[in-house]
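You will see two complexes here that share chain A, one where it goes with chain B and one where it goes with chain C.
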Partner chain A sequence: MFHEVWILFKKDLLQEFRSKAAINAIFLFSIVTLTAVSYSIGSHAISDFILAALLWIVIVFSALSAFSHIFLKEEEAQTADTLKLIAQPTPIFLSKWLFNTLLLTLLLMVIVPLFVGVFNFQVKNMPLLLLSIFLGDIGLASGGTIVAALIAKASRRGALFSVLSFPILLPVMVVGISAAQIAFTQEGSPLFPSEITALFAYDVVLFTTSLMLFDFIWND
Partner chain B sequence: MVRFFNEHKALLAVMAKAFLFILLSLVIVGAYYYAPLAKGLKEYTRVLYFHVPAAWVTVLAFLISAWYSLQYLRKRDLILDAYAAAANQLGILYCLVTTVTGAMWAKASWGAYWNWDPRQTSIFILLLIYAAYFSLRSAVENDQDRARLSAVYSLLAFATVPFFIFIIPRIYESLHPDPLINEQAKIKMNIKMLQVFLSSLTGFTLLFLWMLNLKKRLIKLSAHFEEIEEEYE
Partner chain C sequence: MKLQVNNLYKRYNRRYILKDISFTAARGQSIALTGPNGSGKTTLIKVLSQIVRPDKGEVHFSIGDTVIPREELNRHIGLVGPYLQLYQELTAYENLIFIAGLRRVDNAGDRIKKLAAEVGLEKHMHRAVHTYSSGMKQRLKYMFALMGDPDYLFVDEPTSNLDKAGIAWVYRLLARWKKEKVLVFATNDEPDLEFADKVVSVVS
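Up next, the complex of A and B:
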C-alpha cells in the first residue's frame, strides 16, 4: 500500500510541477494575503497578541486557497474515474493528503519567515512556534483534503469549500493563535503547553475520521 | 398492556400533548415565581431554565442527525437522509435560541452581547456547521449524492464537536457557569431550582422529540404519496 501511495503522490507531484499554473497561483495568493495584512497595518506598532492572530489569518487563508485544487483537478480533467479503477480509496486519500501537507509546508516555509521579517519582531520561543505551526499544518491538511473531496462531487461549488472547511478548521486556528501568542511573548516557555496537546489530539481525530469517511465520498 | 395502548392510542396522544403543554407552562411560571434565586445571583440568571435546555437539545439534535447519517451510509435509504436533515432543521432553530438567550445573558452579566468566550465560540461554530450543512445540501442536485455527501459532512463535523464542548473550554479560561458538567459548580442549585430545571430539560426534550416525530411522519407520508403517484402514472 505504501508503494501505491508513493506512486500516486509522485504522479500528483509531477503533474503539478510540470505545469506550474496552479502552484504559482496558490503561492501568489498567499503573498497577496500577506501584503494585504501587512499594508493595512502599515508601520504602526502592534502588540504580539495581534501579530499571532494576523499570522494565523494569513496561514488559514493560504490553506483555504491551496487545498481544493487537488480533487477538483481530477473532476475537471475527468480523470477521477480512471483513478477509481487503478487504486483503492485509502491510498488515494493518503497520497492527496500527503501532497496537500507538502504544499502547505512549502507555503509556510515562505510565508512565516516573510511575516516575521515584514512585521520586524522577535520570536521568543522559536521551537514552540515551529512545532505548533507544523501540527497546525497537518490538521489543516487533513480537514482541507476531506472537504476538498466532498466539494469536488458537488455540482455547484462556488465558495462552498471555504464555507464547509472553516468550521472544521477553526479549532486549529483558535489553538494555533494561542500557541503563537505564547511563542511570541514568553521566553523559555515550555515546549509542550496544553495547546500542543490539543493540536495533536485534534490532528489525530481529524485525520482518522477523514480517512474513515473518504470511502463513502469516493465510491458512489 | 400492549392491547390497552393500541386501543386508546388517540386518547393517549391527546393526553401526552396536554401533559407537555401543562409541563412547559408550569416551567415558565415556575422559572419566574417558584424557583428562588441562589445567593449572589441576580434576576437575569433565570435565563438558565431556558438557555441550558435549548443548548442540550441543540447537541441532542446534532447527535440524532449524526446517527441517521450513519444509518444512511449503511443502508442507503433516502428516508434516513430526510430524517437527518429534519433533525438538523430543528437543531438549527434550538441553536439560534441558545445563541440569542446566551447573548442576552452575556449582555446583562458580562456587559457585552458577544466577547468570544469559549462557550460562545462553541455554540457559534455549531451554528456555522448547521449552516454549512444546509449550503452543502443545496449545492448538490442528485438525491443520492446529496444524501451521501451531507451524511459524510455531518459525521465529520460530529467528530469535531466534542472538541468544542469539552476541550477548548478546558484550555481557555471561560467565565461561563457550568452547573451540570463541572464538579465545583459555580451555581449551587437548591432543590426547588433543580425541580424547575429538570422539568424544563424534560419539557424541552419532549417538545423536540414530538416536533421531530411530526416531521418524520410528514416525510413518511410524502414518500408514500410519491409511491402512489408513480403507480398511477
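Up next, the complex of A and C:
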C-alpha cells in the first residue's frame, strides 16, 4: 500500500509543480492576510494573547483557501473516475492527506518566522510552539482532506468548504491558540501541557475517522 | 478467467438505469452491449469497471476457481471510455509511468515504447496531454488501459474520435483480445458488432 501512496503522492506533486495552483493560493492568501493584519494594528502594542489568536487565524484561513483544491481538481478535470479505476480508496486518501500536510508545513515554515519578525516579539518556549503547530498541521490536513473529498461532488460548492470545515477544525484552532499563548508568554513552561495532549488526541480521532469514512464518500 | 454478472440493478434518483442485468463471459469470449442513448450502457461499463457500485446484484471476476478479491481487482481491469480522462498537465509518458507504477509493471519504459509504436504515438510521448488531438487522446487511453496487461478489458465506444488507421488498429486489438482475454464493449456501430460473440441489449 505504501508503494501506491508514494506513486499517487508523486503524481500530485508533479501536477502541483506544473500548475502551482494550490501553492499560489495558500502563499498569496497568507501573505495578504498577514500584511492586512500588520497594517491594521500598526504601531499599537498588542498583547501576546492576541498575537497567538492572530497567528492561528492566519494559519487556519490560509489552509482553508488551499485544501479544497486537492479533490476539486480531480472532479473538474474528470480524472476522479480514472483514480477510482486504478487505485484503492485508502492509498488515495493517504496520498492526498500527505500532500495537504506537506503544503501546510511549507506554509508554516514561511509564515511563522515572518509573523514573529513582523510583530517583533520573542517566543518564550519555541519547542512548545513548534510542537503545537506541527500537531495542528496534521489535524488541519486530516479535517481539510476529508471535507475536500465531501464537497468535491457537490454542485454548489461555493463557500461550502469553509462552512463545513470550520466546525471540524475549530477545536484544533482553539487548542492551538491556547498552546501558542503559553509558548509566547511562559518561559520554562512544560513541553507537554494539556493542550498538546488534547491536540494529539484530536488528531488521532480526526485522522482515523477520516480514513474510515473516505471509502464511503469516495465511492458513493 | 471468467466474468459473471448476476441480477444487476442501479438507479439514479428514483429511475432505474439498470434493471436485472445478467450475463457471463469466459476467456476468449466477447460481449457487445447495445441499446439506445441513455439506456445505461455507460453505467453498466462503469459498474463492471468498479467505478460505480451497483444498488443490487453482483459482479464476480475469477481466474480458475478463485474469485479475485475486490482490493486486487483494479490490477486486472482495463477501461477505455470517453469519460475517462488522463492528466492533462502531465506528458503522455508521465501518465503511463504513473499507471505502470501503480500496476507494478516491470520494464515500463520498454512496454511504453512497444505500445507507442503500435498506436503510432512514439514521437509524441513527451508532449503534455492537453496538446493532443481527440484522436491522439483516444489512442493514449488504449495505451493507458493496456499498460498493466489486464485480464478484463471494457471499452465504451471503441472507435470514437479515431481516423481510419486508428479504427483499423482498434479492430486488430479487439480481434486479438477476444481470443486471449475477456472483452466487453458498448457500441451502436454495426461494424463493431462483428467482434462480439454475444450481444446484450441494455434497456433501462
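Heads up, the rule we're going with is that the second predicted complex is superposed on the first by the 218 of 220 C-alpha atoms of A that agree within 3 Å, B and C clash if a C-alpha of one lies under 4 Å from a C-alpha of the other, contacts with A are read in each partner's own complex, and residues count from 1 in each chain.
One rule holds in what follows: contacts are C-beta pairs under 8 Å (C-beta built on N, C-alpha and C of every residue); 3 or more make two chains touch, one makes a residue touch a chain.
These numbers were taken from a predicted model, which means no experiment stands behind them.
S.K.: Do chain B and chain C fit side by side on chain A after the overlay, or clash?
M.R.: With chain A as the common anchor, chain B and chain C both fit in the superposed model.
S.K.: Which partner, chain B or chain C, touches the larger number of chain A residues?
M.R.: Counting residues of chain A touched by each partner, the higher count goes to B.
S.K.: With the two structures laid over each other on chain A, which partner does A:Leu164 touch: chain B (first), chain C (second), both, or neither?
M.R.: Only chain B; A:Leu164 stays clear of chain C.
S.K.: For A:Ala154, is the partner it touches chain B (first), chain C (second), both, or none of the two (neither)?
M.R.: first
S.K.: Could you say whether A:Ala77 touches chain B, chain C, both of them, or neither, answering first, second, both or neither?
M.R.: second
S.K.: Tell me which partner A:Ile50 touches in the superposition: chain B (first), chain C (second), both or neither.
M.R.: Neither partner.
S.K.: Check the residue A:Ser19 against both partner chains and state whether it touches chain B (first), chain C (second), both, or neither.
M.R.: second
S.K.: Please work out whether A:Ala36 is in contact with chain B alone, chain C alone, both, or neither, and reply first, second, both or neither.
M.R.: neither
S.K.: Given Cα centres, how many degrees, to the nearest 10, is the angle at chain A formed with chain B and chain C?
M.R.: Value: 90 degrees, nearest 10.
S.K.: Does the superposition put A:Leu85 against chain B (first), chain C (second), both, or neither?
M.R.: It touches chain C, and chain B stays clear.
S.K.: After the superposition, pull out the minimum Cα separation from chain B to chain C in whole angstrom, please.
M.R.: 6
S.K.: Would you tell me the residues on chain A in contact with chain B in one complex that are also in contact with chain C in the other?
M.R.: Common interface on chain A, chain B vs chain C: 220.
S.K.: Which of the residues in chain A come into contact with chain C in the complex?
M.R.: 3-4, 7-8, 10-11, 14-15, 18-19, 77-79, 81-82, 84-88, 219-220
S.K.: Could you please specify the touching residues of chain A with respect to chain B in the complex?
M.R.: On the chain A side, the touching residues are 146-147, 150-151, 153-158, 160, 163-164, 166-168, 170-171, 174-175, 178, 194-195, 198, 201-202, 205-206, 209-210, 213, 216-217, 220.
S.K.: Going by the contact rule set out above, which residues of chain C touch chain A in the complex?
M.R.: 46, 49-51, 53, 71, 74, 77, 79, 83-90, 94, 98-99, 101-104
S.K.: What residues of chain B sit close enough to touch chain A in their complex?
M.R.: It comes out as residues 73, 121, 125, 128-129, 131-132, 135-136, 139-142, 144-145, 148-149, 151-153, 155-157, 159-160, 163-164, 167-168, 171-172.
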